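One structure, pasted below without further comment.
A, B, C and D label the chains in the order they appear, each numbered from 1.
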Amino acid sequence: MTQQLSSPVSLTAVDAPGQPTPTPELEQLYRGFERELLVPLWTEIGDLMPVHPRSRAVPHVWRWQHLLELADRAGHLVPVGRGGERRAIALANPALGGKPYATPTLWAAIQYLMPGEDAPEHRHTQHAFRFVVEGEGVWTVVGRDPVPMRRGDFLPQAGWNWHAHHNAADRPMAWIDGLDIPFQYTAESQFFEFGRETVSEQERTTPERSRSERLWGHPGLRPVSAPGATPGTPLLNYRWADTDAALADQLELEAEGHTGVVEPGHAAVRYTNPTTGGDVLPTIRAEVHRVRRGTETAPRREAGSSVFQVFDGSGTVTVGDASWRVGRGDLFVVPSWQPLSVRSEAGTSDSDSGALDLFRFSDTPVLEALHLDRVEVSG
Amino acid sequence: MTQQLSSPVSLTAVDAPGQPTPTPELEQLYRGFERELLVPLWTEIGDLMPVHPRSRAVPHVWRWQHLLELADRAGHLVPVGRGGERRAIALANPALGGKPYATPTLWAAIQYLMPGEDAPEHRHTQHAFRFVVEGEGVWTVVGRDPVPMRRGDFLPQAGWNWHAHHNAADRPMAWIDGLDIPFQYTAESQFFEFGRETVSEQERTTPERSRSERLWGHPGLRPVSAPGATPGTPLLNYRWADTDAALADQLELEAEGHTGVVEPGHAAVRYTNPTTGGDVLPTIRAEVHRVRRGTETAPRREAGSSVFQVFDGSGTVTVGDASWRVGRGDLFVVPSWQPLSVRSEAGTSDSDSGALDLFRFSDTPVLEALHLDRVEVSG
Amino acid sequence: MTQQLSSPVSLTAVDAPGQPTPTPELEQLYRGFERELLVPLWTEIGDLMPVHPRSRAVPHVWRWQHLLELADRAGHLVPVGRGGERRAIALANPALGGKPYATPTLWAAIQYLMPGEDAPEHRHTQHAFRFVVEGEGVWTVVGRDPVPMRRGDFLPQAGWNWHAHHNAADRPMAWIDGLDIPFQYTAESQFFEFGRETVSEQERTTPERSRSERLWGHPGLRPVSAPGATPGTPLLNYRWADTDAALADQLELEAEGHTGVVEPGHAAVRYTNPTTGGDVLPTIRAEVHRVRRGTETAPRREAGSSVFQVFDGSGTVTVGDASWRVGRGDLFVVPSWQPLSVRSEAGTSDSDSGALDLFRFSDTPVLEALHLDRVEVSG
Amino acid sequence: MTQQLSSPVSLTAVDAPGQPTPTPELEQLYRGFERELLVPLWTEIGDLMPVHPRSRAVPHVWRWQHLLELADRAGHLVPVGRGGERRAIALANPALGGKPYATPTLWAAIQYLMPGEDAPEHRHTQHAFRFVVEGEGVWTVVGRDPVPMRRGDFLPQAGWNWHAHHNAADRPMAWIDGLDIPFQYTAESQFFEFGRETVSEQERTTPERSRSERLWGHPGLRPVSAPGATPGTPLLNYRWADTDAALADQLELEAEGHTGVVEPGHAAVRYTNPTTGGDVLPTIRAEVHRVRRGTETAPRREAGSSVFQVFDGSGTVTVGDASWRVGRGDLFVVPSWQPLSVRSEAGTSDSDSGALDLFRFSDTPVLEALHLDRVEVSG
């Protein structure tokens, strides 16, 4: 056997708890481990089995204006086509070694499509969604169903469905893509298949509503013709008008003295799969939170990680030791077991409508499916 | 913002499919991405979203005799106690950068306890098991229940249960530990708590059967007093005598012309949680396979990874491009989507009983829970 | 022992298949059975274990005008109050011995409330719903949540919730109640508790939307504050506007050449519990079917029974050997395993909008939960 | 419409709570209801919706010796064959109108097969089991798998499996059959199909163990070749040796100061489906209870009904207001919501081993599946 460990077994400090005293014999033993491709637990246990999650990721914020400018420049320099597949530019958490991972399990990217452009069809096991913070004009064709995208729309897309995009407008459009790419990279469960380079003329139509919405977008109703539960949601667009109304209803109920909000001044809805009542995607949870002007949410930490995008309003976000002022479009990550608190405040612009609206996605369904979820709320 | 990517965005070869032509403007764009902690999808998609899983791990075999010798040397040099916790020495896949990971999701280690030694009590969210290829004399105390360990016994232990070990014999004992440490390292779901340094005299008893076996070890029967389904199995020891009988029964049924085996000459049983009928642990599947002398199994590949240990017999194992002769105690890994075939053959020693018995554990429950499992069998 | 069978063991015809020849000894044996409260299987098996379900119920239709007239007369003669609880008048299938059972498992009644009247609060384990074929002005107070009732609204109400009704209008209002009373009568699982005689002034308000709708009536969205899955739906009103839109969408999709309808010209939606995606109530399925003018549905039979009410339009219904012309409000039952076919036709009145809309409820969830469901569609 | 209610709507006593004052107009209204096949709720609600279950069944005991004598006489008078199908004689609860129902949902019968006799093959949707209180020599052939029957064996048989019996011994054999015939009679979900009149010679073999036991009878192990979960158990015989050992283990654990028993001196095991960990049959729960000599169990009542058979020992059973001395083979019923208490006592015979062993089956899985289960334990 000529293979060897690419990095040697770390030697242990003399005074580390539970570590043996360094001796020539111990040194020889450790070299023996290396030769045989072995690593002792006792030198690694603090990192491998911490008292609570110590995320390799760090809290970080990305400014929407910077993303947009770079995406627009890419729009002029980088064509979209077979092979590269998408003009998507991913957030790389500064502590994850340059990998395009927002967190150890989640991918978040800005995608950009120029007027008249097509992104070719493909499918993959990675679960995905789009969320639109501004703009319109692109249709995502899932299967053969063109789905419109407009500000506030959430478009989940369960793995292994064919999909393409086309921009039917005369302006570029940007949105964010969320996927479980890092998770599946670890699970090594990825499959990918190329589809057609361009969708047919018939699918390039621009209907007001997708067929999926016409079948599945009616509250509490399902088509009798449809089969039973599916792991991913069959509803391909969750319109902003519905999300907005649901959040407004919760705050009004609170004002009338009824239950419904998560905590005072803090409404929240979760996107669900109508065939199961559970999360929209097997590996990704998605929610929208509305924090009333002047409200500060209780610090809360969870096992597992999240990515947020400010949909509207402005405020101050605190994640662990980090704190930022945020406004529309800004994205930030909350690593595992780091407490998050949000304060809704007036921004510098007059356009603020009063509340801070936050889109959130997380890997919680993975942890819940495996009974590994934990939450702690302060105060 | 002064943070930067620790490794620069990889530049793309001129002729890669779907990549833009390198120009000064493109170069400038890529530098802009780096400054903003962004990575374009189009340069990474082949690695991130492969056509099928291309495991970062490689097939590899570890020889039991080498492990045993090193473990014994560690037994004389490295004390067991609070802080280091366990004298466990982990298999480090040669392609995983020196990390103590047998595969990207699974940990496998040899653990070794000297006569009279105790391993202190602790608990953790990581799911674990022990499997004993030879020897006896150690009891694992789970909760307050001492569980004996003997050749062929499988001892699963769901996360967050207190556990300790003590060697009541006058000889050292070795066994293997399997855990989901790498998976939970990625999911960042780990919690850990120290317990008592030594278990009480009462728990240092050495009963023939654990209390868990007396309550849960009767086929098809459950105590009425017990609560409903639990994520991990309440049965703490699966005895070899039962496993052996189940495998023998399958081969006898085959000989009589009935169904039951996986394929001709190949019997297999899966350890299950009697409260659910599913896998013993939320993140780990465990099985024993018996391949009749002279039989070669059909090549089979799965999404997700496995670790095998030869329990008895000898033969030749082929994983992807690698092939080894293996005998009792040898451990090998099967990375995701690499085909595995096993041939049972007479070994060099006379002691071979005729069949090749393989213990296997894998991350399949994770993939199944998230609807990411895939299997392909040749021929 | 002095007890005896109230009806003697039936003697078997001489020539019945598999029956013993009558003899004095046999006669004596049968008398012995009776004394010991025993019944031989061989004399009863044809009735007890038929080749397929032979319902004790028969197909039957009840005319809405007759029900309404009798209910109105009851409105003037029978007060509503504690003890009698509800002015509900139940359909009694003519073959079920005078019991108020529409089918062996389902209860269906017209309920009637005079202007200003209250029906007192109570709760019971029986699962219930209301469906409104015409009128408005009554609010059902569930818990403390007043829920409006209007034409086309479906109001499910899972067991053991407090509920009362009050008529805030200046006209009487009628609607139908559906419950699983006969099923629970057999299962002997019924509990019942009296609540307040009158609801408070605050609950006698007449909001446009119930609180449950404000929390749960947004498609694909759930409040984050709510607990997990509940056996019965938390959504207390399914509005006609949504149901109508969903049915119209299906027929439009069909006209455009897409999937979605059950069969040509036949759209159908099922009311679902948004926390599970399954049926609204553990024991009752509810659906609305729309049959395009001129369409005849394929004969279909199911294990388990159904009750239908015509919501709109007119047509001819065939159930087994029975056939009736039906119009708005008419109710009919489909016994287990009897084939049903529906033909949508113009009625005698001009008011027909063109399609036949049928509300349906059935005991299917019971059969499905126990793996006893079967369906057969002809042609 | 000429049909009429076969029994007239019951007239209400003047002074019943919540009932209208009888008047000629009311009388006329009630006659109108009858003509239209309607029944008012207010006259029936006390019976239909009681405050708690008031079972139509009554507690009753059947003496094994009487059953056995009558069964033996039937063995000489009534042939077994196609049409009558089985020499089974059912318990008819004295309050259920002569129907062969032990309770409103459960069927219990003694079945009797003479030496050399065959019971022909058939299948039905009704779920069934056999339990053997004494004797041996019969094999039940399920599918093509001959399953031996011996004292203490429990043989569940999920619906729609082919099955036949043959007595290979030179003596008659008796056992009890339990089925959900009354439940399915109400649900009207029954299908039935005739199979072969006699099983083949190959299936008339008398193996020591069934094939199902060889595949599924190993604790905590399942064949990898088998498909996933099945509604009914694939294990066709649960041997007394295992049941006895499990009960003995619980009482020993109690004696050692550990948990495991239901209450002091009262051990109990439930038969489970190894593919789900749940009940053996979708509609029937089966358990064995062992009550230590001198122990009296706490009164306990449940929604839903049970049938018990004394397997060994003797004692006094109290069900509601009834109380009996019971011994081996005696059968008794516990109607819904009637409290049961059992006292284990020395019998008149010397053969008593000391504990009272009770086999029990119930309709609990039906109630649990529909969220209708309730239990109350006194003291």
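Throughout what follows, a residue touches a chain if its C-beta (ideal position, glycine included) is under 8 Å from a C-beta of that chain, and two chains touch if they have at least 3 such contacts.
What you see is a predicted model; the values in this text were computed from it and never measured.
**Q** What's the fewest number of moves from chain B to chain C, given that each move must go to a chain touching the current one?
**A** Counted as steps through touching chains, the separation is 2.
**Q** Which chain's C-alpha centroid is most distant from that of chain B?
**A** When every chain centre is compared against chain B, the largest gap points to C.
**Q** If you average the Cα atoms of chain A and of chain C to get two centres, how far apart are those centres in Å?
**A** 44
**Q** State, to the nearest whole Å, the distance from the C-alpha centre of chain C to the C-alpha centre of chain D.
**A** 30
**Q** Taking each chain's centre as its mean C-alpha position, how far apart are chain A and chain D in Å?
**A** From the centre of chain A to the centre of chain D is 53 Å.
**Q** Mind pulling the residue numbers of chain A that touch at least two other chains?
**A** In chain A, no residue touches at least two other chains, as defined above.
**Q** Between the chains shown, work out who touches whom and classify the graph as line, ring, star, complete or other.
**A** ring
**Q** Can you tell me which positions in chain C touch chain A when the two form their complex?
**A** Interface residues on the chain C side: 211, 214-225, 229, 233, 235, 238, 242-243, 245-246, 249-250, 252-253, 258-262, 268-277, 280, 287, 289.
**Q** Along chain A, where are the residues that touch chain B in the complex?
**A** 3-9, 16-20, 23, 25-26, 29, 32-33, 36-45, 48-56, 60, 62, 66-67, 70, 73-74, 77-79, 81-94, 97-100, 104-105, 109, 124-126, 159, 181-193, 231, 282-283, 303-305, 335-337, 363, 365-367, 369-374
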